[in-house]
Structures are given as structure tokens and as C-alpha cells.
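I am attaching a structure below and will ask some questions about it afterwards.
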């Protein structure tokens, strides 16, 4: 996988930035406009997938190594659970929107409003983006070797064992 | 206690999120953390006995938000899940050393436990579906954990059938929403009582029965179980046979059939027929097996038949307006058998794992004479076999006795006869296990076999003690009243569930 | 109304092609067509959130599917399983289809949402008080991240589980050589 | 009537998942079933001539900041949309896992044909 021609590479590197920014926009404005953490996270992941298609897998791996993506995945999930538990501690019940109800009501339709909802969106966006990037990278690293029906699968590429 | 309800879900999920961060180096720390989590869950589950209540997530009232409901049935299931997962986790601390990626294994294990706890506690039918998916997806991955040919194939088969089951459940949820406009089980139940069962809701009920029946591996839907359960690593087989099919299958089925839709005569008969088919077919298929774990897997199908039969018999009596005391006896038999089966079948799978680890094979014809080499494994295996076959002082005897008595009282004499007959078949198949694995000639290549050590033995002895003592659950009135009776009462109350939940 | 029928027919035709074509690659591309039709359908059903999510998930799902099929030795696997099994399943499916016609009649008419007919439906609260109670203008966001945030925790966990599962399934070596860790 | 077409789509997926013997085809069948259920859920919440469940400035009454009745009377049901968002992500997750299993199995056998792969006894 050496990547594609220089034309594709140049365009892809520009478009990638745009897609990435669009993903961030979708995440951050998730509570006001259509979109949200899931859609935005998938868009973030697809910007890296575009890079992978244009430049080859190795290039992307240098940018965002697998163990790091794996950790981001865990961190995103953990943050979301943390928001839930904070609701328990600060708001009295699991998943209470404590910021909106107690500390930071904000004005309706503003960017800073809705309390924990934007924060949850960011956590989920991080988690979804990292995990989908992870699975596509793992799938593309997997190189089946059809030479035989061997028992020991030495051809399978190491995924996150290195960490 | 009610305030601590989210902990049942948060502890396993958060530990699962943290565990993969430990890499190869932090393996022992990860194992310790996972074991601590299961111990904490066990403590919480014991503390939850006898409590009941509703937890409103996010302080939203029950109509708007999601509620967690703790009642007799869910606290019984929580107890079963945490006991078995505690033992299986203790066992895997050493057993899983032969595989790589242990941290991920622990994470998937905790996710499976968290998913099951979520299913048991959920009071919202869509939420039940979501947690059902967590537990199922974790178990698909765990079945394929060994990555051998057999494992992958079994995992694929399990995954396809399991996904179809999940989609059926989701479609059922959609139909229920389309007919009642609500997702909370109490409100759905109330709406169904008001409007009666129309074609759409009847179809939704059929979808739920097929979906949860697939997860429980009742006989026409059992194709995946004999492949999936033996292929998984031994502690996972213990979890799958011990609790996963019960939680995702039988618990969800009885919750939906009894508490949401309300039991009727056709569904009661359907459950009885499914139960009888599973009992007989599972037992016959099991006797012919030579693969140790495969035999146990078929016997799981047969034993699940007892549980569904007991619950269905009770439901039929309730729906037919019969004597409620008989009905409660039948349901008690079914639920008590569920608890017993969880303990002794997971013990049997753990002993099979111990044998497999020491001898490197699961083929019974290649074993023999292990009694001297592995005394503890042998002793625990005898206790579990005696339990499952229904030899008097052990736990399995009492639940089968209750089922037989209930069937005779309700004048289902042929059902009682089938129960006794299948019990004999079970005895035969476990005598076969004893004969070929532990007695007889010790083959040349197994001379070096050694007993396993430490945590594996502790886990097996713990479960064996439970097997011996479990009879006390029905013999000691105070234990029976605090653990089993509330669970039976939940199913006996049927659609009164909705009023109970709304009042709590 | 007509647009819904056109899109649904488009999806059904694409599904039939995806099921029946013997070329795996065209089959995968037809799945993309179904997803695209579904995304348009969501847009016309006034569900822009779902439309966005569906289209991006579709793209990634298609890449995953293509990854599985492309550059493989695509032996054309035509035909079905054994004849008897096929006939039985087709009969069962036809029976379910007939039952389905009955079922569809019990639902409220298309275009009259069920929640308007149920006096205590949760959705009415979401619409009338969602903004005031959660502060989010996007009511779908307010439902998934506040009213039903517990579901979303489950959903994020499902994704987490399946990704851990996928990396586990694709790992290099599953079993170590047997050794006694005590010695 | 649109419900019936949606049901037909579900059945096509079920047929594909049950009858076909190619692993990827089975996965595709399951995906089609998921699309059908998602579509069905969204259809349940649709109102003829409805608006998307997103409040913007035009729907806020000036002064009080209350939501206008025109929104309450036309907004489609946000609840099924939330459910479908969850269901889509769940189906993406299970798709990823299924494809991993397929890929790994393909690496072992060199084929997607389940009748050739079947090594386990019934």
C-alpha cells in the first residue's frame, strides 16, 4: 500500500482537514442542529479513512498509532460514564444533567446551553471516532494468506498486543 | 440500597473501560481489579436481597425517563449472576494464562456481566434490548476468543442466530411502541390490559418468544448452543451455560410473557411444549456425545427445559384459573432449578476446563483413570454430577422433586413421568462421564497429568460447597422467604407488576 | 406521499438485487444503495439526525464490507442450502408475511403518529417541555443524552464491546505455548 | 401501506439470512433486516406535513420564550428517532464484529461458503 498518485494525495490532504472540521462542528453543535456525537464521531473516523485510502496505511499509523487510538477509545467511554457518575454525585441521581439544572443554565439556542449534553456529545464523538478508526485499521492490517489451511495463524497482523 | 442500583451496571462497565489500558505488563493488576469488581458485585447482590424499589435514572419521572426496577425476581437473578461470575473470574485468573490478550478478555467478561445486570434491572423494554445486545456481543466475541477454526465457526453461527434474535426483539419493541405508544414495561402492561391483545401485539409477543427462545436455546432454536458453549474457554462456557442463557433467555422471556403481556392459556401451553421438547431432545442428544464439553452443552439444553417447563406449568395453572398454590409450587420448582442449574452446570464446565487444561483433550475416549491424578477435580465433579442427576441430599434433587410434586398435584401425570425419565437419562450421561474420565485405565500419554492449583481449585470448591448447601434454600423457611418466595411472587402477580412499579 | 412509495420500492428492488446477484461486489454495492435510499427516506420523514447518521454510518459500513470482499478470491457461490431446508424456510417466511398483513392493520395510519393518540405518551412531554427541561434545542439530542441517556451509555458500550471483540478476533496469536506459570 | 412495504423489506432480509450460504450474504441479510426495522420505527413517529423535532428561533414565542403551539402540533415524534440512532450504532458495532469473524474465517479456509467450512457436527 504505497498510496495513490500525487493529485489524489494533495486533494485528500486538503479535504481531510475540511471533513475533520465538519466532524468537529457536527459534534459541538449537536444539541442545536442535526447531528451529534455519533454522526460527528463517524465523520472524524472517515476523515482518517480517506487519508488511509490515499496515502496508505503506514502513513496513518504514524499519525495516529493503534495503541493511542485504543486508549482514546477507552478514555471517551470512561468520560461518558464519568459524566453519568458526576450526575449521581452532584445532582443526586445517575445521569442528572447537573450543569443545566444547577450550575450553568445558559440561554436556550446558544452554543453554551443544555448543560452536560454538549460534553456528552464530545465524549461520545471521541469514543466513536477512535473506535471506528481502530476497527478499520485492524481490518486493513489483517492480511489473509491463502497458501494453506495452516493451524498457526502467523499471517495475522498484530493488533494491539504491542502496547 | 435503591440508591446504589446503578452500581450494578456502573462497576462492571467502568472496570471494563479501564481494563484494556493495562497492557501486557499490568496483567496481574488487571486480574486483581477484575476480581475486585466481581467481589464488589457479589457483596452488592447479597445486600440487595429482600429489597425492592424503583430507581429513576436522571431524576426523570417514570413516564418520561428510564427506570431501574429491583424486585424479587431481579434480585434473585443478580445473586445468581454475581455468584457464578465471581467463581468464573477466580477460575480464569489462572486458566486464561494459556491465552494471549488477557486484559481484553477480562474487559469482555466484565462487559458481559454488566450487560446481564442491566437486562435484569431494566424496567424499560428498549433499554432491555440495548443491554441484551451488550451481553450478547461480548459473548459472541468470547466464544471466538481462541481464534481456532472451530471457535470462529461456532462464533459465527452464534452471532448470526443471535443477531436475528436481537432484530426480532427490536421489531417486537417497535410493534409494541406502535400499538401502545410507550416503552416503559409498566405502561405497556397497563395499555395492554386496557385494550386487550390485538393482532399486532400478539405478533409482537410471538417475536419476543422466538427472539428470547433463540437466546435461551430452547429446542427448535437450539442449533447454535452445542457449538458455541464447548468452543469458548472453560470459564466462559460456565458463564454462558450458567447464566447467559438464563438471563437473556428465560428471565427476559418470563418477564415479558408474565409481567408485560400477561400469561394466557396458549402461551402457557407453548412454554410447556418448548420445555418438554428441550428436556427430551437435549437429553437424548447428550447421551451420544463423546466430547466432554459438548455433552455438557446438550445437557444444558435439557436442563433449561426443566426451568421453562416449571414456569410454563405455573403460568398455565394461573391462566386456567386453577389452584394458585399449585401454580406457585410449579414456578418455585422452575426458578429453584434455574438457580441450581446455574451453580452445578458452571461447576461442571469448570471441572471440564480443569481436565482439559491438564490433559489437553476433551475427547472422553482418550481419557481415563484421572481419579488419582486429579482428586479435587474428581470430587467436585462427582458432587456436581450427583446434583444434576438428582441424587437426594444434593440441590438438584429438591428442585426436581418440587417440579414432580407440582405436576402431580395439577394432574399432569405424564409430565411428571417425563421429568423422572429425563432425570434418569441425565444420571446415565453423567455416569458415563465418571466412567470414561475418572475411572478406568490411565492412558500412557496422561501419566504426567497433574492437578491444577490455587485459584482454580478455590473456585471449584466454592461452587461445590454451594451445590451441597443449596438444598437449604427451600428447606430453611427464612431463606426461602427471603430469596425464592419474592421471585415466585413476582411471576405469580403477573400484570399486577405495572401497578406495583407505578406505586413504588 | 408518492416519494415514500418510490423510495421504498427503490429499496426493495435494491434489496432483491443484493440478495439474488451472484457477484459479491455488486451485492455489497446494492447494500449501499439500500442505505442511501433509507437515508433519503429519513430525510423526508423529518428525521435529519438519523439521515446524517445513517449516511455516514453507511459509508463506513460499506468500507468495512468492501474490505471483507475486495481482493478476495471471489468464487461465485451461487445457489442456496439444501433444497428441503430452503422450501421449509420459504414457507415459514410466507406464513409470517401473511400474518404481517394482519399486523399492519392494527397500527395507526401512516402519517398519524401514535403518540398523539396516547394521553400520557412520553413524546408529548419531550416536545412541549424538552427545551425548558434540558436546554437542548435539538429534541433528539435532549432525548438521547438526557431523558434516555442511560440507553446511550448502553449504546456506547455496545460499540466499545464490538471493537474490543473485533481486535480480539483479529489478533495474531491466540494461544501461548503451554507452560506452567508456577515454575 | 408503507408499513407493509417495510415489512416486505424485513422479510427479504430474513430470507437472505436464512437461505443463503455465503457468509457475506448472510451478513447482508441481517443488515437489510436492520434497515427495515429502523425505517419502521421512524415511520411510526411521522406526521403528515410535520416538522423535524428541532426548535429554532421561529418556533419560540417572542417575549415569553415559550415554545409555540405551531411546533407542538406539527413536530414529529423524537422518541423513535432517538431509538433508531441507538439501533444504527448497535448494528454498526455488530457489523464490525461479524465482518471480523468472516475475514478471519476466510483467512483460515479461503472461502466464504459455509457448507464447505462446516467442520462441526450438527
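Letters are used for the chains, namely A, B, C and D, taken in the order the chains are written, and counting of residues starts over at 1 for each.
Note that in this section contacts are C-beta pairs under 8 Å (C-beta built on N, C-alpha and C of every residue); 3 or more make two chains touch, one makes a residue touch a chain.
All of these numbers come straight from a predicted model, not from anything done at the bench.
With every chain reduced to the mean of its CA atoms, the largest distance from chain D is reached by B.
Chain A and chain B have Cα centroids separated by 35 Å. Note on chain placement: the centre of chain B and the centre of chain C lie 28 Å apart, centres being C-alpha means.
Each chain gets a centre from the mean of its Cα atoms; for chain A and chain C, those two points are 20 Å apart.
Residues of chain C in contact with at least two other chains: 48-49, 53, 57, 60, 64, 67-68, 72-73, 100, 103-104, 107-108, 114-115, 122-123, 126, 131, 137-138, 140, 142, 144, 146, 148-155, 157-163, 165-167, 169-171, 173-174.
Shared interface positions of chain B, defined as residues touching 2 or more other chains, are 13, 17, 20, 57-58, 100-101, 126, 130, 133, 137, 140-141, 144, 147-148, 152, 155, 177-178, 183. Counting only residues that touch two or more partner chains, chain D has 14, 44, 52, 54-56, 79, 83, 85-86, 88-90, 92-94, 96-97, 99-104, 106, 108-110. Chain contacts here are complete: no pair of chains fails to touch. Of all residues in chain A, only 67, 70-71, 74, 77-78, 81, 84-85, 87-88, 91-97, 151, 153, 160-161, 163 touch chain B in the complex they form. Interface of chain C with chain D (complex): residues 1, 4-5, 8-9, 11-12, 15-16, 18-19, 24, 27-28, 31, 34-35, 38, 41-42, 45-50, 53-54, 57, 60-61, 64-65, 67-69, 72-73, 75, 77, 79-81, 85-86, 89-90, 93, 96-97, 100-101, 103-104, 107-108, 110-116, 122-123, 126-128, 130-132, 137-140, 142-144, 148, 151-152, 154-155, 158-159, 161-163, 165-166, 169-170. The touching residues of chain C, counted against chain B in their complex, run 99-100, 102-108, 114-115, 117-118, 120-123, 125-126, 146-151, 153-155, 157-158, 160-162, 164-169, 171, 173-176, 178, 181-182. Every residue of chain B that touches chain D in the complex is listed here, in rising order: 126, 130, 133, 137, 140-141, 144, 147, 149-150, 152-156, 159-160, 163-164, 166-167, 170-171, 173-174, 177-178, 183, 227.
Those residues of chain B lying in contact with chain C across their complex are 9, 13, 16-17, 20, 57-58, 60, 63-66, 94, 97-101, 104-105, 107-108, 111, 114-115, 118, 126-127, 130-131, 133-134, 137-138, 140-141, 144-148, 152, 155, 175, 177-184, 187, 191, 198-201, 203, 360, 453.
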